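Residue numbering begins at 1 within each chain, and the chains themselves are lettered A, B and C in the order written.
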């Protein structure tokens, strides 16, 4: 029995995610299906890639991670299945899997070619149901990945913006904003640990907050930067929505410099 | 082990859907429960009927489709269970099941009368928990449908608006708008195939877009009509929200006519 | 095989709830995981407590109710597991479990101390993933609650506002507003049954509606007070959003007095 996770931009207000589960259970009645999220912004491949990378490694070994954020559905864009040392990944080859794959030891990548593993009728707009769900179900039943299609040697990688360190300061950027309004940056724990000073976060040369350990290290309503659960520095508040209050969106520039007395 | 799907307007912000699952699992610990959606608009029977019809047939045979969009809860409205050649359906007799049932070969319909299959205490506002969930759980454990109540010979059918074809043009209407803003019409693939010309969609006599095969057949931001995954023509855009941008809502009139050069 | 329910304020747009499930399934592959809700307002302990109290008793015996609305995460706030006659509860000791526990026969309360039952690396912001999910998984596999940490004799209780009865009228307040806009009050069925008159609901000395039995006892759009499925009087409308239309929010005062002719 293998777990299959679902990461999509299908939302939950329509029948799309549920229908994928029906297709999986018809082919693999024992599969355990877990929603990672269906609320990736429509077509937001980068957010989907980040969500998958932040969570895939917490699942049981051999879990099949099925991800569908697929603005190119119906075109010639490639669809792939990937086997790594610990997991399987299935999705469109548009970069969606690339942040997770960058951390994995890849053993095989195959193009999804063999229509015997698809639904009999494939629509031009819903490959989540017609292609990806049945392929994941077959993998979960033990079909070897090489049966799915020809081996391929590369896949599309999304650019991962690295922080710049110069003159003792770090210039990073916001990668993702979560439901609480935490602005997750690309500044990792090892990067931050290189600093020899008490660091603070600056926006447009103005100090916003210090780096601290827990939300309640600041008074309610105060801003705080904290090493988040994904392993990256996050700009947050104690009890509010930091991104909204600070006008931060994905791509916004963040600086870490020595804290100034206030 | 049978699957039970849930289609409701209970939303996911409260405990309603989760509580139905608790009731089911107490009676049928092995049941597989799949959310189709809980975000049907409050009381929007027609949207619930459409969602169920678009998805039920993708589930394993003998799945029990439990649907609760029930503005008449607490009144004398009938509650029913239906057995078809392939599935079971349980819900209020208010038309919610009718679009799916119109496509099925019905074997038996029974009124939900026997309170032994309900929770011991039945509220006047939450039959999803107190009546429908326990009935579905009993069905999933193999209780025969005839035990649930008296056989009934009819059920309430929602009107399904058919497109009109005259003078070589099709006058259809919008049936459902999904999370992406795709406006799903009542113009089916066989209807569209009768046309001998290159078709385009018109709103109020103005050509909006041609019928094409994939979202990326138009430039980003452009409108497109595409045969959707439910088997009906949809008005969409490549990367935006067509319904919002075109001011389309359910019931809006859509015409298909020969494309004019632009 | 035990059920584990999840009640959190993590939302469903990010990977947080899904990741907790991955952690649970890695430790307890057979666990049945049911979402109660992940849409408790950020940090709204009282709403989480109400949701849990309204639903926990509908689940199979020995279900583990895992709840995480945890604004104090990362501070010294205590985390606890509680065994009652019928269920287990796991969560931060901030009052979140207290409304449910007030109705249960408590057998043991233990502090979560033993890091062997946590993930190897514990973040300072996501104990749902790193502490609570693994503890619930271990409990579901049969680990005895006393192994988790030292026994404790008390826990933080949220105040539960009781209605005041004087001069034949009841002064209550709104405890929770659900997705439909029903304003659930603290006026229970036994309290209401003490009245010897035809009761009506008053806001600021103005009669809003009578207490009746079913939504359709009033014309569409009309207000109605109804004994709800949680066992408390709710102010509703037939087909609209009562809380919005009446400007009701949690804590608003509601009076029940003899109905006046209109």
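The rule is simple: a contact is a pair of C-beta atoms (placed from the backbone, for glycine too) under 8 Å apart; a residue touches a chain by one contact, two chains touch by 3 or more.
Just so it is clear, the model here is predicted, and its values are computed rather than measured.
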Same or different: do the copies chain B and chain C touch each other through matching residue numbers, with over half of them shared?
different
Overlaying chain A on chain B by their Cα positions calls for a rotation, in degrees to the nearest 5, of 120
In whole angstrom, how far does the Cα centroid of chain B sit from the Cα centroid of chain C?
31
For chain C, which residues are shared contacts with two or more other chains?
12
Chain A residues touching chain B in their complex are 10-19, 21-23, 25-26, 29, 33, 42-43, 71-75, 123-126, 129-130
What does chain A use to touch chain C in their complex?
1, 3, 5, 7, 12, 32, 34-39, 51-52, 54-55, 58-60, 63, 178-180, 213-216, 226-229, 234, 238-239
